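Next, two complexes with chain A in common: one pairs it with chain B, the other with chain C.
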Partner chain A sequence: MTDVILEKVGKTYPNGYHAIPSVDLSIEEGEFIVLVGPSGCGKSTLLRMVAGLESISTGELRIRGERMNEKEPADRDIAMVFQNYALYPHMTVYDNMAYGLKNRGMAKDLIAEKVSDVAAMLGLTELLQRKPRQLSGGQRQRVAMGRAMVRDPKVFLFDEPLSNLDAKLRVQMRVEIRQLQRKLGTTTLYVTHDQVEAMTLADRLVVLNKGKAEQIGTPMDLYNKPATPFVAAFIGSPSMNLLDAHLTEQGITVSDELTLPLSHPHRGAIVWGIRPEHLDVSDEHNADFALRIQAVESLGAETLIHGKVETTSGQGDAMVVRLSGPHLPDINSLMWLKAPAQYWHLFDAVTQQRL
Partner chain B sequence: MIENRPWLTFVSHATLLTGIALVALPVWMALVASTHPASAFGVGHIPLWFGDAGAETWGAVLFDKAGNGVDVPVWFMMLNSLIMALGITFGKIAISLLSAYAIVFFRFPFRNLCFWIIFMTLMLPVEVRIVPTYEVVANLDLLNSYTGLTLPLIASATATFLFRQCFLSIPGELVEAARMDGAGPWRFFFDILLPLSRTNIAALFVILFIYGWNQYLWPLLITTDDAYYTLVMSIKRMLSVTDGDIAWNQIMATTLLAMLPPVAVVIGMQKLFVKGLVDSEK
Partner chain C sequence: MTVTFPQKGLPWLLLLPQLLITAIFFLWPAEQALEQAFYQEDAFGLSREFIGLENFADLFSNPLYYQSILTTLVFSFSVAIVGMSVALLLAVMADRVIRGKLAYQTLLIWPYAVAPALAGVLWWILFDPSMGPIALWLKSAGVDWNHYLDGSQAMILVVIASTWKQISYNFLFFLAGLQAVPRSLIEAAAIDGASPFKRFWTIVFPLLSPTTFFLLVVNLVYAFFETFGVIDATTKGGPGQSTTTLVYKVFDDGFVGLDLGGSAAQSVVLMGIVGLMTVIQFRFIERKVQYS
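Entry: the complex of A and B
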C-alpha cells in the first residue's frame, strides 16, 4: 500500500528563493526512504514540508490517501527527530516522551504504559527521571527517538539525527535505527548528507541536487546505474572517476589522446566514469592506460592511489584507484591499469543523462 | 586569570573592606541612632554605639501612628508599599511576558513597529510623563487607590526587551518540536516558555520589586488619603515638622524597616537572580 505521496511538491521561500522546483515521490508502507544530497540542496526543506513545519508552495502531499497540505503538524500523524534533539530542557525524560500524548488527552496510565514500553525498548528505563542535560549525546538521541516512537505515528521523519554524535556512536545508532524501524515497520523519511549512512539505511534513496531529485532507487541501483554524473560522484567513496571525454567511431577519447575502443551510436562530448574499485592493475601490454602516481593512502585493508593519466602533454586527468590490501608503489612511478568495459558509465555531457 | 601575589591579595582585600565599610557605615549609624532618645541628636554629636532607648523607639515605630500628619502606623504603610511593589512587579512581568511572546512568536502586521514603539517608551519613564499621567488617572477616578498606585507604572519596555531576548534564544527546533507534539499557543506558553524563562523572571522580580518598593514621586502625587500612604514617601513627610524636634530615632528605625523587604527579596532570591543574569538552561 502506498503510504506517502508527494506530487509535484515545490517550495518557494517568502524571500523568493526557489528551494525546490518539483519533486515526485511515492513511498510504500514500511519503507525506509533516505533523502541525501550535499548541504543546502533542500533536503530539510522537503522533510519540513512533509512535517508541516514549512508550507507547501505547489503540489500536493498525501498520507494514506488524505491530503495533508493544510493540516497542522500535530494532525498529520507523524513524528520527527531533530538534528539537535530538541528535547525540552526543563522536563524529565519521562515528561519529554509523555508530552505529546498528554496534549492529545490520553489517559495517564495508558501514557505511563506506553512510555515505559518504549523506554524499555531503547534502554532508557533507568534514565526516565533525569533531565536532558544529565544525559550523554547518545542518550539524548535515544530520548528524541523515544519521543517519536511513543506517538506510534504513521511516518517517522529524521533530519540528520546522527550528525552530532561521534563516529563510533554514529555507526552504532545507525544500525539501531535500522533495526528499530524494521521491527516497528513504520514508514520512514530520513535526511542525511552522509552517503555511507544513506546507503546503509535506505530501502530507497532520493538523491537531491539543488532541489531536484536526480535519481530515486535502491542503493544498488544507484551504485550500479547512476542516472547522472552528480549521482555517480555522490554515491560511493572514494567517488567515481569522472573524466571529460569524446565519443567517436574509434571509441572514447580520454585526456585528449587516449582512446578506449567502443562502438556506440552516440557522438560528441561525454563524461566517462569508472569507480576506483573497478580499475585493475595490469602490465604494459594489456593495460588500457598508465597512471603517474602522485599520492598513496594506505588504510591497511585497502590502498587508495591518486595519480594522473600519463599523456605526452603531461596534462592528463586525475584519477583514484582503490586496491585491496596494502600496496606501497613509489610516488612518480607509473602504474599500468585496465578499465573493464562492463564497469564504464557514460553520460551525455550536455544533458547529463546516462547513455 | 589566577594571580598569586601577596601584596595584590592585600590590596584587593583592603579595597573590598573599605567598600563594605563605606556602604555599611550609614546603615550602622541608622541602627545605632534608633536606640537613642530623640533628644540625643540636638546636641550636635552623632552617637556611634547603642543607646538604651531601643525598645521604646521600635515599639513606638511599629505600633503607634507615625505622626506628623501621617495618621497610620508604619506597619500599615509597609503593607501599602508591599501591595504597590508586588502589584507593579507582577503586573510588569505579566504584561512584558505577553508582549514579548506576541512579538517573538506571532506574525502579525506591524510587528516590528509595535516592538519599536514599546522600545521607545524607555524614553518616557513616569517622571517625564507625570502631568499627563496624573490627568488620566484623575479622570479615571483612580486617585487614592491601589490601581492608581500600580497601573501607570506597569508598562515596561525594559522587561519586554529582556524577555524578547530570552525568547529569541530559544532554539527554533524546540518550538517546532512542541508544535509537532500538539502544543497550541497557550500550552506552549505555559508548558515550555514559562519554565524556560524561570530564572529570567526571578531576576526581573528582584529588580522590579526594588523599583516598585522605592517609588517616591508617583505615590506622593496621587495619594492624599492616609490609607494609601506608602512607606518610602512617608519618611519625607515624617521629616517635615513645623513644631518641635524631628524624631530622628524613629525616622531611622522607619528607614531601616523600609530597607528590610528589598534586602529580604535580594537575599531570598539571590541564587536564582545570579543564575538568571549569567546563564540560561537552554
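Entry: the complex of A and C
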C-alpha cells in the first residue's frame, strides 16, 4: 500500500528563492527512503514540507490518501528527529518523551507505560529522570528517537540525525536505527548528505541536486546504473572516474588521443565513467591504457592510486584506481590498466542522461 | 594578563578622580547620614543632641513608616510585573514581525532615552484631572479621574509613569532572550501537538526564566530607588501618604518635614536594603540558571 505521496511538490521561499522546482515520489508502507545530496540541495526543505514546518508552494502531499497541504504538523501523524535533537532542556528525559502524549490528552498511567516500554527498548530506563544536559551526545540522540517512537506515528522523519556524533557512534547508531525501523515497520523518510549512510540505510534512495530528484532507486540500482554523471559521482567512494570523451565510429576517444573500441549509435561529446574498483592491473600488451602514478593512499585493506592517463601531450585526465590489499608502486612510474567494457558508464555530455 | 606600571604612584593617580567622586558624593554623605541618625537636631539646626537609637525606635514604632513600606512593595511589584508583562508581550510580537522589524524595535527603545522627571511631567499633563486628554477621555467613559483626591488612582498614575520607560529596557532583554530560543524546539513542540499558547507557556517561558529573574531584580531595584523624580513630578507622594515610597519619605521627612534625624535613620535602613539587594544580585544573577 502506498503510504506517502509527493505529487509535483515545489517550494519557493518568501524571499523568492526557488528551492525545489518539482518532486514526485511515492513511498510504500514500511519503506525506508533516504533523501541524499550535497549541502544546500533542498533535502531539509523537502522533509520540512512533509512535516508541515514549511508550507508547500505547489503540488500536493498525501499521507494514506489524505491531502496534507493545509494540515498542522500535529495533525499529520508524523514524528521528527532533528539534527540538534531539539530536546526540551528544562524537562527530564521522561517529560521529553511524554510531552507529545500529554498534549494529546492521553491518560497518565498509559503514558507511563508507553514511555517505559520505549525507554527499555532504547536502553534509556536508567536515564529517565535526567535532564538533557546531563546526557552524552549518543544518549541525547537516543532520547530524540524515543520521543519520536513513543507516539507511534505513521511516518518517521529524520533530518541528519547522526551528523553531530563521532564516527564510531555514527556507525553504531546507523545499524541501530535500521534495526529499530525494521522492527517497528514505520514508514521513514531520512535526510543525509553522507552517501555511505544513505547506501546502508535505504530501501530506496532519492538523490537530490539543486532541488531536483536526479534519480530514485535502490542503492544497487544507483550504483550499477546511475542516471546522470551527478549521481555517478555522488554514489560510491571514492567517486567514479568521469572523463570528457568523444564517441565516434571507432569508439570512445579519451584524453584526446586514446581510443577504446566500441560500436554505439551515439555520436559526439559524452562523459565516460568507470569506478575505481572496476579498473584492473594488466600488462603492456593487454592493457587499454597506462596511468602515470602521482600519489598512493595505502589503507591496508585497500590501496587508492591517483594518477594521470599517459598521453603524448602529457595532458591526460586524472583517474583513481582502487586495488584490494597493500600495493606500493613507485610515484611517477607507469601502471598498465584494463577497463572492462561491462563496467563502462556513458552519459550524453549535453543532456547529462545515461546512454 | 597583568599590566605593570613603571611607578607605583601612577595607578593611584589614574584612580583618583573616581575615588574623589565616590568620596564626595557617596562616602561622605553616607557617613553624615549614619552620624545624623544618632542625633536629634533642634528646629533651627543650631544645636544637636546625641540620642542613641531613639530615631530608629521612633521609626519602627511609627505606623506611617509601615504604611510606606507597604506602599513601596505594592508600587515596586506593580512596576516590575506590569513593565515586564507588557514588554514580554511586545517582544513576542516583535519576534514574529519580519518586515519593518528595525523600525518597530527602534520605536520601542526611544522611551528609555527620556529623562525620568520629564516622563513624569508628560504623564502628569496627560492625566491632569481638569485638562489632561487621558483624564478627560476617562471621564467621558464614566471614570471619575482625580489622582489628587483618590489614592488608588494616584498609585496607578505613578506606576504607569514609572513603568513606561522600563518597558524599553525589559523589551530589549526579552527580545534577545526569545531570539536565543532555538527554533527547532518550537517546531518539535508543534509536532508534539502543543498549541501556540501552550508552546509559549511550556517551552519558551521556562527557557526565558534566567532573563525573567534578572529583570525582576533590576526592575525592583529601579522601582525602589530610582523613581523619586517620577513621583515628585506627578503626585509628590500624595494624596496623603498614598504614593510615598521609602525613598520619597526620606526626602519628604528630611527636607519638607525637617526631621533630619528621622530622615537619616530611614537612609540607613535603605542603605541596608541596597546592600541586601546587591548581594542577591551577585549571588543569583552572576551564576544564573544555565541551560545548554
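The criterion applied here is as follows: the second predicted complex is superposed on the first by the 355 of 355 C-alpha atoms of A that agree within 3 Å, B and C clash if a C-alpha of one lies under 4 Å from a C-alpha of the other, contacts with A are read in each partner's own complex, and residues count from 1 in each chain.
Convention: a contact is a pair of C-beta atoms (placed from the backbone, for glycine too) under 8 Å apart; a residue touches a chain by one contact, two chains touch by 3 or more.
What you see is a predicted model, and the numbers here were worked out from it, not measured in a lab.
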Practice problem: State whether chain B and chain C clash or fit side by side on chain A once the two structures are superposed. | Solution: clash
Practice problem: Figure out whether A:T248 sits in contact with chain B (first) or chain C (second), or with both, or with neither. | Solution: neither
Quiz prompt | Which superposed partner A:M80 touches (first chain B, second chain C, both, neither) | solution = both
Practice problem: Answer with first, second, both or neither: which of chain B and chain C does A:R104 touch in the superposed model? | Solution: both
Quiz item: Which of the two partners, first being chain B and second being chain C, lies in contact with A:S55: first, second, both, or neither?
Solution: neither
Quiz item: Looking at the overlay, what does A:S237 touch: chain B (first), chain C (second), both, or neither?
Solution: neither
Quiz prompt | Contacts of A:Q179 with chain B and chain C, given as first, second, both or neither | solution = neither
Practice problem: Examine A:Q129 and indicate which partner it touches, taking first as chain B and second as chain C; both and neither are also allowed. | Solution: neither
Quiz item: Which parts of chain A are in contact with chain B and also with chain C?
Solution: 51, 53, 72-74, 78-80, 82, 84, 86, 88-90, 99-100, 103-104, 133, 147
Practice problem: Report the residues of chain C in contact with chain A in the complex, numbered from low to high. | Solution: 98, 182, 184-185, 187-194, 198, 202-203, 206-207, 209, 291-292
Quiz prompt | chain A to chain B touching residues, read off their complex | solution = 51, 53, 72-74, 78-80, 82-91, 99-100, 103-104, 133, 147
Quiz item: Considering the complex alone, what residue numbers of chain A touch chain C?
Solution: 14, 51-53, 72-74, 78-80, 82, 84, 86, 88-90, 99-100, 103-104, 132-133, 147, 151
Exercise. Please name which positions on chain B make contact with chain A in the complex.
Key: 171, 173-174, 176-183, 187, 191-192, 195-196, 198, 281-282
